[in-house]
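Let me begin by presenting the structure, written as structure tokens, before commenting on it.
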């Protein structure tokens, strides 16, 4: 596959992944974006073009290649603007060479949990193992509700993420990361799992929030089912759901 | 463009804007309306015709030109009746020459916040900047739950709005205004932002409502992204969503 | 119009009205029914046939003419069974000559309000005038959670309704009535209004339920907008919504 | 009917039943499965194939015949893997010869009720008789939140179920069983009824949870309407709903 067609498939992947986030309610209207590393200092990222219609209608043409400062790579058209919050992507990619994809979006459940200090505890297990494992690992929080449009704010976000796979941006949204050949699928899967964790946590809090943490002997029976299952199969499901809704790009 | 075709485009704009409000749940069934100033003493306004089907199915023919007393302008057919609550539009347009469009609708979240005295505080930031800025500016409340069908009641509403851009009508709904060439888009965007603010506020209240107001240093990092982004792009998204739902007029 | 074609239009009306209740969530799956008086001792009523598919897919053939004991009127096919709860309809029609249509369905909001003793108070006004007026009039409650399949239970229900237009069946559902040439539309409109009243009341209760009753001077500004508006226009809206959803019979 | 075509109809039945569970929100994404006994030591069960798209898009080809250890029966292709949690099905079928079908899925309402110790009490009646009867019979709970992928865990689950028809797997989901010629329809109907019971119970708990249990004289008026009504008619409704949503296999 020549580089151009490789990028073509990646643009399509990122565009469909954006549609998944939008269609599942993880970002409102025109907000939210996904990046995919294409080199040490460049990425494909969901940009805003002259006919922007919202995240759940992202097109491959909305996914442009830019450098870590947001400047378009040679040959990219100038009508698309990198996200205001490109520093979320750029600064994470800069300090996390293991990371190949970054998701930023605004799940309402995570917003509520963050604002009202609802703990994201490991109270359930096989209901959703990826979500349970996020709770077991602990979810870091970036406490500032700011628009991350300057590199220094992006560095604060990257520092708050540290070596974790997901981050709550309090009063704002989330950032999740993915690595390897299915980096986008993994980052999206982690965003969806964090949303499940927050939804259950918020719903439990409304009922008193007295559920106990899982005992170690039950935690031991919650295996990581592996990226093929967690990420690739789950993503295929979400593409099929887009197809059923008349939203799948192909 | 001659006046007739100008009004044709405006009728279409108002009709689609009504469909946005209806499809997004900001008004139930046949309630809610939008006006657009067409002169110092006249407006286009969503009226009720002989085949009324509800706000989310508003047609351009439902948008008629009337004067500030609700009388049809020359040439307008008589089968359409101006809203019972025309005084909301007329009295705001009368005392606010800067206002070109008025939205009146009934978001359930705002109803709840108003009835149960849930404060609309600035507890979030980049999650939704227009909504955060409404909270920072403060949202005035008209305390009476009446049908605003008399001019004196409309004057009470206009006085409660004052110089603000949005108003809660307690036990009833909201009024929002817009100005300039994208007045309708702006008034609709403000209605949507007020709905987001009320939804988050109500959901926080259900969890205790202990979130703290944003500190000034975070507020300083929440720029107004400008009317082009806030209003025009957001409205384009909502038209695209109508299109996806089979509801877009064009 | 000869009697047969008159009944044909009425069967269609009742079937579409059943679809409205089902599509709007006022009854789960195969439950709920509507009757329309066709004489002093007979009615059209939504029955259950051999290919029953649920309330939101009611067909005109599901609407059969029976007497007040549930026996099919001459010429009606025998494959359709009158509802188990026919006594709700029969006993109300027997003691309320002013009533021409009866709706029975199970709105979840009303179930909750009934079970948890959430009061249905007049705390809002112009948000929804028909719902506000139901609260002002007071909503009677039948306290037993039984299946109303015997005439004596039906008489208890009719007695609990008294001269009112709506009734809560605690732990069960609701019954509403309509009169005159638009009896079905009126009974459906009252069911929808009662659902709105219960939903707002339940949502307020979750936030503390401290809203005060409307003062008399605001109540005075909530006119009855009349059956043409409340019933006929609202029903036309709901038929249009069915059409948009691919559910309208015609 | 020869054995092959018998299995063909059964595969179709199980696949549509899986779609019902997925479309109605009783299992998230790719989770959940249904089995149907085909012999003392074998069953049809929803497996995961190379193009898995999620429960609501199950195909007849996803329903494979395996023995109680999960090994494919002669002639079955090898690309489909039995569920990780096959022991839920196998161990119940082993100790309950009366059982012909097992449903396993993850209704969010049941998760919440289990985590927050919301009691599933008989507080309503004719609203939903099958759900009320589950509450009257009492719903057993398996307290461990583990992935049931080993036979000994499956035996714990089967022991917790005992002679009941439904079981809550705390922090995980549910198992329900069915018997006889409509075993799948019955097991699905019980899963749907348990979901209703948990939803109402959770919603009541949010309002204080003070509703009283039904008195005996009202319980006596809640007849079992029989499997034909509870299971077959209800399932026909759910197939019709799938058809309306473009999801029915036939």
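Labels A, B, C and D are assigned to the chains in the order they are written; within every chain, residues are numbered from 1.
Everything that follows uses one rule, which is that a contact is a pair of C-beta atoms (placed from the backbone, for glycine too) under 8 Å apart; a residue touches a chain by one contact, two chains touch by 3 or more.
Computed from a predicted model, the values in this text were never measured in an experiment.
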Labels of chains that are neighbours to chain B and to chain D: A, C
Farthest-lying chain, centroid of Cα atoms versus that of chain B: D
Inter-chain centre distance, chain B versus chain C - centres from mean C-alpha coordinates, in Å: 33
Residue numbers of chain A (touch at least two other chains): 206
Inter-chain touch pairs (all): A-B, A-D, B-C, C-D
Chain B-facing residues of chain C, complex: 123-129, 132, 196, 200, 203-204, 206-211, 214, 218, 221-223, 225, 233-234, 236-238, 240-241, 244
Footprint of chain A on chain D - complex, ascending: 28-31, 48, 51-54, 56-57, 84-85, 106, 108, 111-112, 115-118, 144-149, 153, 169, 171-173, 202, 205-206, 246-247
